[in-house]
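In the two complexes below, subunit A is the common chain; its partner is subunit B in one and subunit C in the other.
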Partner chain A sequence: MSNRTYLDFAATTPTDPSVLAAMLPYFSEKYGNPSSIHSFGQETRAAIEAARQQVAGLIAAKPEEIVFTSGGTEADNQALEGIAWANEKNGNHIICSAIEHHAVLHCAEFLKKRGFAVTVVPVDQDGLVSPEAVAQAITPKTVLVSVMHANNEIGTVEPIREISEVIGRRTKDEGRKIYFHTDAVQTAGHLPINVAELGVDLLSISAHKLYGPKGIGALYIKKGTRLTPFLHGGGQENNRRASTENVPGIVGFGAAADLAAQTMAEENAKLLPLRDKLIKGLTTLIPDVRLNGHASVRLPNNVNVSVKFIEGESMLLNLDMLGIAASSGSACTSGSLDPSHVLLAIGLPHEIAHGSLRFTLGKQTTEAEIDLVLEKLPPIVDKLRRMSPLYPGGKK
Partner chain B sequence: MSMGPYSAKVMDHFMNPRNVGVIENPDGVGEVGNPVCGDIMKMFIKVKDNIITDVKFQTFGCGSAIATSSMATELIKGKTIEEALKLTNVAVAEALDGLPKIKMHCSVLAEEAVQAAIDDYLKKTTGKGLPGFKPHDEPLQEH
Partner chain C sequence: MSGNFRVNKRKVLVAMSGGVDSSVAAALLKEQGDDLIGVTMSLYCGTKALGSGCCSLNSARDAKLVADRLGFPHYSVNFKADFQSLIIDNFIDEYRQGRTPNPCIRCNQLIKFSLLLAKAKELGADYIATGHYARIPLPVTRYSLLKGKDQKKDQSYVLYRLTQEQLAKTLFPLGEMTKAEVRQKAKALNLAVADKPESQEICFVEDDDYGRFIRENAPELVRPGPIIDRTGKVVGEHQGIAFYTIGQRKGVGHHRGAPKYVVGLDRERNAVVIGDDADLLKTELTARELSFVAGKGPTGPMVITAKIRYNGSEAAATLMPDGKVVFEQPQRAVTPGQSVVFYQREEVLGGGLISS
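So, the complex of A and B:
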């Protein structure tokens, strides 16, 4: 299986060899428990603090504002539940957007069962959240707003700064703090982030989306923000997350963050034309294809289209037979057999959501691979459309 | 190459489906939709002396839906109406060397498409449809 074409970088990225190399000594050579007072513990303690600086540097935060977690899901859950429980007495209302990752949406649903009120703010047909809609959703009981930085499926980048401004205004009117969380799992390491400029109190990151290892992530917690911890045990992470640290993972995360900070601009300069070539090719070579997500306010690596009259899984299987890896928001691929909530939220009817295909590009992506997709997909679509009872051009 | 969650047989019927298409002036046509994920299957039959002499299908759906339609057409071609009516979704799945659990409902669609086509044929020839035939309209619980 050489010659495979991986275009699913939003699902996960390969760990960069330099990241892996940085991690390796922390398995069998430098294995001390960072909480130990002896030299074994001190060397891993130092490694964790260096990594914390690297991750903080990626988002222009202070190292003490970074708490390592097991990944993006834990960071999202910790942000929502941590704020909810810590502020229960001040209010019980949470706002999130309709296109949040399930790590936010399902967590909000859980809090709903525990007595919180949840407002889900809709998005427009491009997937944009309106800052005004967020402002209007705020009530005297609102404690937290959570809007993702960019959507993982359709790539739309949200106006976080503007949303933060309206929250700030309402915070003033209400005379009490309304916290703002953003899930930056798709943007950290891919778009420049400055937490102060974004104006967020909490921000989630996952290492494996930026060429780091799986099983490690971080939550940025702005200085002075009180959260009820998730795990109870030792005093690790400044009493904010118990459990012996995942030292190799943290070291790898730090190395990946450092690498991303250095290579981001160059990578985006390479990916943007490839992304646009793929979008243009798909929408011009194949009739009845629409681009999902915003045309320009969009992640540099995301292509998401709906191919009318056919279903996503059948396209994925055909592509996979040729070694091309992509993903789909079709009900048939979802496990739950519901089409993607994101595609429904931008107003796609079920059968169009059904025919969605997502290609996400990354460091290893070449123009030849984009050309390959543009060569191979049209005949696949043609073949499947000929089988489809919905296709008006079908063979009689 | 990889085959995702499917058996080699499923992939064969998915990649090279048998009997795809439309029959002009069919003796029976059935169209059924899957309430679980919203897929559609259409089956056309030609019947002579109570025997299904030709069958074609069109499917909007996943790999399992396409493969089960294809297999169902093979299993009923040349059979009598009575034999075709005995075809179950489990038999279709078994003929394909099994389906992932979450994909079993797609085979129900294939069984129903056969029945819907026969129902239409009987209505046209006898004025009465298939006794007790009623495609699922509730979400299925197979998975």
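So, the complex of A and C:
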């Protein structure tokens, strides 16, 4: 397995060597606790504040609006629960889209068990959330709307700005604040983000999706937004998240954010034609294949297809044995039997949702790798279809 | 299975439970130069899935660690829906019918050597390998399934429903080894699973408490009824015939004289029939759903040895073509639903489900 092809950048990215280099001094050389008064603490305090500026810069926020978390999941959970508990007296209704990440959906379910009402807004066949549907879902009890910036499975980019406008109008009508959260884990560092232009109050980011380290993320919290914290036991992160800061992680996150801001445009210019070549190749070389997600309003690195009559898992394992790493649109292999909630939400029947495959491209992706997939996948599909009882002309 | 090198590498899917047997089986194949794909089946959910059972998440983790150590890929495959409908539902239904099922036999037939074998083909593997203690020698005119060399560990009983086609695609690397040798090998390889305890129970039944399993998963089987003696006289009450097995002594109440045993389960009358030890002895049984792993069944009376439960011992008998088995010596607690397996010396000929 010396020549492996990684096409699962939406799952995670390699830490950029320059990011790793920035982190290294913060393990054994500069190890002070940022809360300490002495010089050891001062140098790490300075480092995390510099990183905070870098991360804020990536989304055009103010540094004091950034709270570092352990990752995207914590940021999503903190946003939902933090707003829910802080506004319990003003209302108990939460709205989210049907294709949110489980870090949002499961958290909403948890809140439902604790007495909140949850409305799940459907999406259209391309995975788009309709701002009108969000407007209609708002009730006098609504405290929070959560719609992701772009979907991690099918790549559709949501009309966040338009949704924020309808929320703004309703906020005015109601005469009280309705908060708007977006999970930007798939877009931060990949699409330009300006929190003011998007009109969001909360936004989640994860460092390892943008060539930073794992175990670190951030929640943007618009100035003036009150949130009940998760962790108690220290005054870190401006009293919003107790726990000694993950200094190397934060420093790496900052470096990765900086790097992403510089390289984003160039990377997208490279990825778009590769993405489109892969989509075009898969849909023309293999019969009975459909592209999932919006054809144009989609992440520049995302390809998600359903291959009729066979299972995504089988294609995935066959590709893996050839050293090609992709992901299946369906539930993780050890997980539940249900296919992806995202694919079901865009209206795919179970059997087609089960036959889904996701390729996500990244910095290291080359045209030769795209060609390799286009060479290797069609015969795999052909072989599996011949064994499939569902395939006309297949076995048994 | 012989020779230390091979001109053409075989591609083998190894079924890995995370236990010591399948781990060593994988290690032996790897040493022989086979190209391996490790697979752990996820079969059911339940609290046990978090613990130490053979299909639990921990098992998949152990298997993954072993595969990583030995240097081959490992995947988890999801057969939960099929396992539920083909194995667990059938298990409950058998109890409903007043029978005592052996789900492992059915699982081998319908899950491991069917669905997993199909998965192997999908992944381009030529063979499937498991850690069973049984042997399949190189075929002369046909394949044969032989007992494992370790008589104490022999697992050929649970494999009798396999077909010739399945044998042709199956490898049992542990067939020539004893359990002690397997543990030794695991230690020598420094496999973390070397000292893992043996799993003997039915994997989806927690704490081996099948009564609780029935109560939780098929509450409709909690149906009190009479305990009767062989004359039909009511001598007590039971909570449901599903909680009783032929030969059982517990739960039949206290009676004067000799100890009493369950000697029959009468589904029509929802009754548990009790009797003396002597009432448990039978010289004949009838088997249905016969299956002959050796290829074909007898055309006339055939002298065999037969085993009527997994941990039982073989007894001399004559097998009739219609599935009737006549023993030379009376057998204790012939249990409908269990399998009778037919042997000739080392070879498994086949078997069937005991109907009466």
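Everything below uses one rule, namely that the second predicted complex is superposed on the first by the 390 of 396 C-alpha atoms of A that agree within 3 Å, B and C clash if a C-alpha of one lies under 4 Å from a C-alpha of the other, contacts with A are read in each partner's own complex, and residues count from 1 in each chain.
By definition in this document, a contact is a pair of C-beta atoms (placed from the backbone, for glycine too) under 8 Å apart; a residue touches a chain by one contact, two chains touch by 3 or more.
Predicted model, so just to flag it, every value in this text is computed and none were measured.
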Room on subunit A for both subunit B and subunit C (clash or fit): clash
Which superposed partner A:309 touches (first subunit B, second subunit C, both, neither): first
Of subunit B and subunit C, the chain that contacts the larger number of subunit A residues: B
First (subunit B), second (subunit C), both or neither touched by A:351: first
First (subunit B), second (subunit C), both or neither touched by A:320: both
Partner chain in contact with A:390 - subunit B first, subunit C second, else both or neither: first
Touched partner set for A:116, first subunit B, second subunit C, both or neither: neither
Set intersection of subunit A contacts, subunit C complex versus subunit B complex: 313-314, 317-318, 320-321, 333, 335, 337, 387
Subunit C - residues contacting subunit A, complex: 37, 42, 57, 60, 73, 75-78, 80-81, 118-119, 121-124
Residue ranges of subunit A in contact with subunit C within the complex: 313-314, 317-318, 320-321, 333-335, 337, 383-384, 387
Contact footprint of subunit A on subunit B as seen in their complex: 1-4, 6, 11, 14-15, 17, 20-22, 24, 31, 36-42, 58-66, 102, 105, 143
Residues of subunit A touching subunit B in the complex: 1, 309-311, 313-314, 316-318, 320-323, 330-333, 335, 337-339, 350-351, 354, 386-390, 394-396
